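In the two complexes below, chain A is the common chain; its partner is chain B in one and chain C in the other.
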Partner chain A sequence: MPFNAKSGKFNASINVVEIGTGDKKIKIGGENVLPFYTFDAPVENAPKVGIEITDFGLEHEPDCVKKYYEGCATVVDMAKKAAEMEGVDFLSIRLEGGDPNGANKSTEELVQLVKEVAEAVDLPLVVCGSKNVEKDAELLAKAAEALDGKNAVLLSAREENYKAVGAAAGLAYKQLVGAESAVDINLAKQLNVLLTQLGVDGKSIVMNVGSAAAGYGFEYVVSTMDRIKAAALGQGDTTLQMPIITPVASEVWGVKEAIASEADMPEWGDQEERGIDMEVETAAAVLASGSNAVILKHPVSVATVSKMIKALM
Partner chain B sequence: MAKFVTIGERIHCISPVIRKAMAERDPEPILKRAKEQLDAGATYLDVNIGPAESDGEDLMKWAVQLLQSNFDNVPLALDTANKKAIEAGISVYNRAKGKPIVNSADAGGRIENIDLAAANDAIVIALCSAEGIAADNDERMMHCQNMLERGLSLGMEPTDLWFDPLFLVVKGMQDKQMEVLEAIKMFSDMGLNSTGGLSNNSNGMPKHIRPIMDSALVAMAMMQGLTSAIVNPCDLRLMETIKSCDIFKNNTLYADSYLEI
Partner chain C sequence: MALKGLDIFKLSPKKNCKECGSPTCMAFSMKVAQGAADISACPYFSEEAKATLMEATAPPMKTIKVGAGEKEIALGGETVLFRHEKTFVSKTRYAVALCSGMDDAEIEAKLANISKVDYDRIGERMYVEMVYVNYDPAAGADKYLDLVKKAAGLNRVLVLGCQDAEVAKAAVELVKADKPILNGADASNYEAMSAVATEAGVVLGVTGANMEETYETIKKLEALGNKNLIVDVGVTSIKEAYKTAVLLRRTAIKDGDRSCGYPSLVQANVLAKGDLHMQAALASLFTMKYGSVIVMEEMNYAQALPLYGLRQNVFTDPQKPMKVEPGIYAINGADENSICLTTVDFALTYFVVSGELERSGVPCNLIISDAGGLSVLTAWAAGKLSANTIAKYFAEADIEGKVKNRTLVIPGKVAVLKGEIEAKLPGWNIVVGPTEAVQLVKFLKDMQG
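Moving on, here comes the complex of A and B:
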C-alpha cells in the first residue's frame, strides 16, 4: 500500500492579534497547526521577536548588553537604538522601578516615560508591569490611557488585578490585554474566561502563560504550552485560542548561568556567550512549544532567534 | 476525545406553541426556544416538524434558514418522517458549524434515511431497532452492523452514523437499563459515535425527579462512551452533569468557571 501522509491540520485555529499601528504593526497567531508544522498547513504569521528595555535604562543591565547601547543617555535613546536592531519586531518596556518593594517610582513618572518612548519609536509596544499586582493595577491602567490609539499590549492582567487592568486596557482604551498566569493551565483558561466575562473581546487578549529559564522547572512550561495548544486546536477550546507572548529575557538574565562572571566560574567560559546561549535556547524551546512571540534582551539573541524563525518558516 | 454533543430537543411540533408557530410561519416562538437552548449550552438544535406531509419541504427550508440566519449557522438535526422535507432542508443548510444530522434511520422501514444521509454528506442517527424495540443486545448489535455496513457501502465515514441504542423507560423496563448501557460500551469499543433520547428513561416520573434520573443516566452513559444525546438543555442539573463528565473524561480543560461556559 502506498504511504499517504495525513495532514495534521486542525479545524480550529489560534486567534490573529494585531499589535501596533501603521507600517510597523505586526500580526501574531492564526495558525491551525502545531508550532512550525508548516508542512501540514501554511503558517501565515511567523512568530515575532521583541526586545526589552526597562525604566532603569542601563543601570541594571549586564556589561555585555551595555556595550550595544553605548552613547545612550536616556531610556528613550535606548528605545530608539533597540528599535533599529536586527530582527526586532516590537519593543517591550518593563516598568521594574514601579515595584513598591524596590525603587517605588511613581505611576506618573513611569507613565510619562512610556509616553516618551511611544513617541520616539514607531514599533508596536508591549508594556510590562512591575510584577506587584496592586501597583500594576494602577500603573497599567494609566499606561493604557496614555497609549490611547497605539494598540499596545499591557502585560499583564493577573488573577488579582484583572478587573482593573482588563477594564482600562480592554474596555476603556481598546488596547490589548496580556493575561498572565504562572505555569498553570487551568488558571490560564480561567483568566481568559474572567476577562471575557468582564466584557473584554477574546480577540484582544494575548496570554503570558509563564516561563522559566531553560533548566529551571522548564518542563512544566513546555507541557503547559503543549497542552494549551492541544486544547485550543484539538478540542477547539475558544477560551484558549489566544496567542502566547513569552517574556524570556526577564527569566534568563537572572540565573547564574547567565550572570556569574568568568572570574567566579572560569570553567564555564565566557559570560556573554553563556547568557546569549541561555536566552536563545529558552526562546527556541518556548517557540517550539507554541509561543507566538518572545521578548529578549541581548541583541545577538534577537538576531539569532529571528534568523531561526525565518529558517523554519 | 471530543466534547459531548448535546442536541437540544425543544423545537418540537408536539408543543402547541411550536406547532402553531410552524403552521403560521411565525418566527418569534421558535427563535425564543432556540435562544434558550443555545444559551444553556446546546451544540445542535433538533428541528422536529412532525410528519409534515403537505408542506414539509417548504416548512423545513423556512425553519433551517430562520435558525441558521439568526444564530450564526447553528448546526441542526432535521427531524421528520418526510424524506423530501429533510432533503429540502439540507439544500439550504450551511455547514460552517457542522454537518446536518438526519433524524433518523432505523434498521427497518426507515433504513433508506441512511442512503439519504450518504447522498447528502450528512450525519445520520441510526436507531438500533427494526420493528419494535430490540429484544436484547444480540439483536441491537445486529441492527447496528446492518446499518453500519449499509452506510460504509455508500461511502459514509463510520463516525457519521450516530447509533442510538434506544433509551428505555425505567417505569416498566427497569430490568433492561443495564443492557442499554452495555450496548453503548459496545458502540464505543468499535470506535462509533452514539446518541439517543436520554430523557425517555424518566417518562412518567414526577417533574422534580426527572432531572435527577436523567443526570445519573447521562453520567453512567458517558462513562460507557456515549458521545451525544438529544436532551432538554434547559435542564440545568443535566447540563451541569454533562459538563462535569466532560471534565473527568478530559474532553474539556478544567477552569473554575467551567459551568458558565
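Moving on, here comes the complex of A and C:
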C-alpha cells in the first residue's frame, strides 16, 4: 500500500501584510498551513529576516558585531552597511536610548535619526521603541509621522499605550502596528481586539507575542505560538490571524551563554560562536513555532537563518 | 485506532464468569476499551483474540529502546503533536558522527571532543548521548570495525551507519550486547539488513530517497516481521527531511497509521555538511519538530548551550513547573560578606533574576528557598512564600552560619512581607527590591552608590 499523506491544509489563513514600498518591499503571512509545511499546500511568502541596529550605533554592540561595521562613523552608515548584508530582508532600528531610565534621549533627536535612516536605505523598516511604555507612546507616534508613506512597522503598541501608538501609526499615518503582548494567547488576542476597536485595520497589524532565549522559559513561547496558529488556522479566529514578527536579537544578546567572555568561561570557548548559535537556534525554534519574521543582530546569524528558510521553502 | 467496547465484546468469551472481577463480559469489555482494565485479567480470551486486541489498543507510536543497562534510552512513544496537549515523552537525543573515511588524527580529535560537553542544568545531565559511526566503503571493513571498537570505548549508545550487510553483521557482532542502532536499510538491501538486525536483536534504521519510498520499505520490513525500527528522515534535502519527520509523526498520531509510528533520526551532519551554524539551526528545528535522534558533526558548547536548554524547555510537563534546587547561589564571585537577595525556586524566575544579577556585576548571594516551583506572586498567594517559609528555610539551611552579611533584599511583589520577615529574622535588615528583575541592575547600583 503506497503512502498517501492526508493534507494538513486549513480553510483559514494568516493575513498577508506588506511592509515597505518600492522594489524592496516584502510580504509576510498568507499561509494556510503550519510553519514550512509546504507539502500540505504551497507557502507563498517565506518567513523574512531582519537585521537590528540601535540608536547607540556601535557603542553598545559586542566586539564580534562591531567588526562587521568597520568604518561606520554614524548610525546611518551602519544602516547602509546592514542593508547590503547577505540574507537581510528588512532593517530594524531599536531606539534603546529613549528609555528615561537609561540615556533618556529626546524624542526629536531619535525621530530625526529614524528619518535619516529611512532616507538612506530603501529596505522595509521596523522601528522598535525604548521598551518604556510612556516614552514609546510619544516616540513611536512621532516616528510614525516622520515615516509617512514608508509603510513601516512600529514595534510596539502594548496594552498600556496602544491608543497613542495605534492612533498615530494605524489611523493617522497608515503605517503598520506591531502589537506586543507577553507570551500569552489571551493577551495577544485582547490587544488585537482593542486595536481594531480603536479603528485600526486588522490587516495592518503584526504581532510580537513575546519571546525568550532558548533555555529561558522558551516552552511558553512555543506553546503560545502553537496555540495562536491553531486558533488562527484551525478555528478561523480572525483576531489572531495577524502574522508574527519576533525580535530575537534583543532577547539572546543579553543571556550569559551569548555574552560571557571566554576569559570568564574558558570551557565554553569562543564568545562570538556562542552568541551566533544562541541567536540561530532561538530563531530556528521561533520560526518552527510559527513566526513569520525574525529580527537578528549578527550578520552570520542572519545569513544562516535566511539560508535555512530558503532550504525549507 | 481506539477500539470500541462493543468490538472487544464481540471477541470476548461471553461467559459472564466474573473471574476478571467485572460482573459481565460486556462490563469488562467496556473497561478494557477505556483502558481501565487489562485484557490479561480474563483467562478465557483466545490467544488470537488477545493478539488482535493488543495490536489494536497499542499506542500509535512505538517506544523503541536502544542501549543497554544504565545507558538505555527510550525513543518515540509520543502521543500528541503539540506540547500544550500533553507532555512529550521521549526527549530528542544528540549524536556526534565519526566516519571510517576520516584520517586517524581527525578521529582521535573527535573521540577526545565528544566527552567535552558534559554539564548539569536544573538537575539534568547535558552531554552527547550517542555516537554515530559511519562506514566508508573506500576505507575498507577492517578500519570500520576498528573504529566501532574505539567508539564503543566512549560508553555512549552507538548508531552504526552501514549499508553493506556483511560489514554491518561483523560490526553489530562486536557491540550487540550494548544494543546499538544499525542504520542503513533501504529499498535495495532491506532483507539482508533486517536479517542482521533481527538476528542480533538490535533496532534497524530505514530510509529512502523520499517519504513515499521510505514508507514502502517500512511496509516491506513489517511484512518480514521486523517492527523494531527507527526511520532515518533521509539526506536528499533539508526540505524532504523536514517533510518526512513531520509526516511520520502526524500520520501516526492523527491518522493512526502505525507504519509511521517509529522514532526518527536526522543526519544534520550530512544535510548541512561543514556548516556548523546551519547544523545548529537544524538541530533546533528538528528538536521542535519531531526528531528523535539528531546527528551532528561535532557538539561544542556554542551549539550545546542553547540546544540542551531548548530541549529541556520543550520536553517539560506543561503542568509541572521546572524547579531549581534551594540553596545559596554565589553570583559575581560573592563571599560571606556580600549582600543577600531571595526569590522563589521557579526555574524561570531563577534564570531571569540570576541573569540580571550577573549583568549588574555586583557580588551577591542569591538565596533560593523551596516555594513549590511557583512564581513569586503565585507562591505568595498559595502560602508557599511567606515570612514563615523564609525563616524556616534560613534555619534549616543554616544561612546565618554561612553568610555574615545581614542585608536581605526581597522581591518587590511581596513588599507586604517586609514587617513579618523582620520579626522572624531578627538582626536582618530587610530591603524591598524592585518588582521586575530587569530593574535589579539599577537597583543594586543605586544601593551601592
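Quick notes on this one:
Simple rule for what comes next: the second predicted complex is superposed on the first by the 310 of 313 C-alpha atoms of A that agree within 3 Å, B and C clash if a C-alpha of one lies under 4 Å from a C-alpha of the other, contacts with A are read in each partner's own complex, and residues count from 1 in each chain.
The criterion applied here is as follows: a residue touches a chain if its C-beta (ideal position, glycine included) is under 8 Å from a C-beta of that chain, and two chains touch if they have at least 3 such contacts.
The structure presented is a predicted model; accordingly, all values stated were derived computationally and were not measured.
Once both complexes are superposed on chain A, the partners chain B and chain C fit side by side without clashing.
Contacts of A:227 after superposition on the shared chain: both chain B and chain C are touched. Contact with chain B, but none with chain C, is seen for A:189 once the two complexes are overlaid on the shared chain.
Legend: residue contacts after superposition of the two complexes on their common chain; A:197 is shown touching chain B, with no touch to chain C. Contacts of A:261 after superposition on the shared chain: neither chain B nor chain C is touched.
Once chain A of one complex is fitted onto chain A of the other, the partner contacts of A:239 are limited to chain B, with no touch recorded for chain C.
Comparing chain B with chain C, the partner in contact with more residues of chain A is C. With chain A as the common frame, chain A serves as the apex of an angle whose CA-centre rays point to chain B and chain C; its value is 80 degrees, to a multiple of 10.
Judged by the touch definition given at the top, the superposed model places A:311 against chain C, while chain B stays out of reach.
In the superposition on chain A, A:104 makes contact with neither chain B nor chain C. Here chain B and chain C sit at a least CA-CA distance of 11 Å once the structures share a frame through chain A. Comparing the two complexes, residues 227 of chain A contact chain B in one case and chain C in the other.
Within the complex formed with chain B, the residues of chain A that make contact are 185-187, 189-190, 193-194, 197, 227, 231, 235-237, 239-240. Every residue of chain B that touches chain A in the complex is listed here, in rising order: 2-3, 251-257, 260-261. Of all residues in chain C, only 82-84, 116, 121, 211-212, 215-216, 219, 237-239, 242-243, 246-247, 250-251, 254-255, 275, 277-278, 280-285, 287-289, 300-303, 305-310, 312-314, 316, 318, 347-348, 351-352, 355, 358-359, 442 touch chain A in the complex they form. The part of chain A that touches chain C in the complex is made up of residues 1-3, 5-6, 8, 36-39, 101, 213-219, 222-223, 226-227, 230, 254-257, 267-270, 273-274, 276-278, 280-285, 287-289, 300-301, 304-305, 307-308, 311-313.
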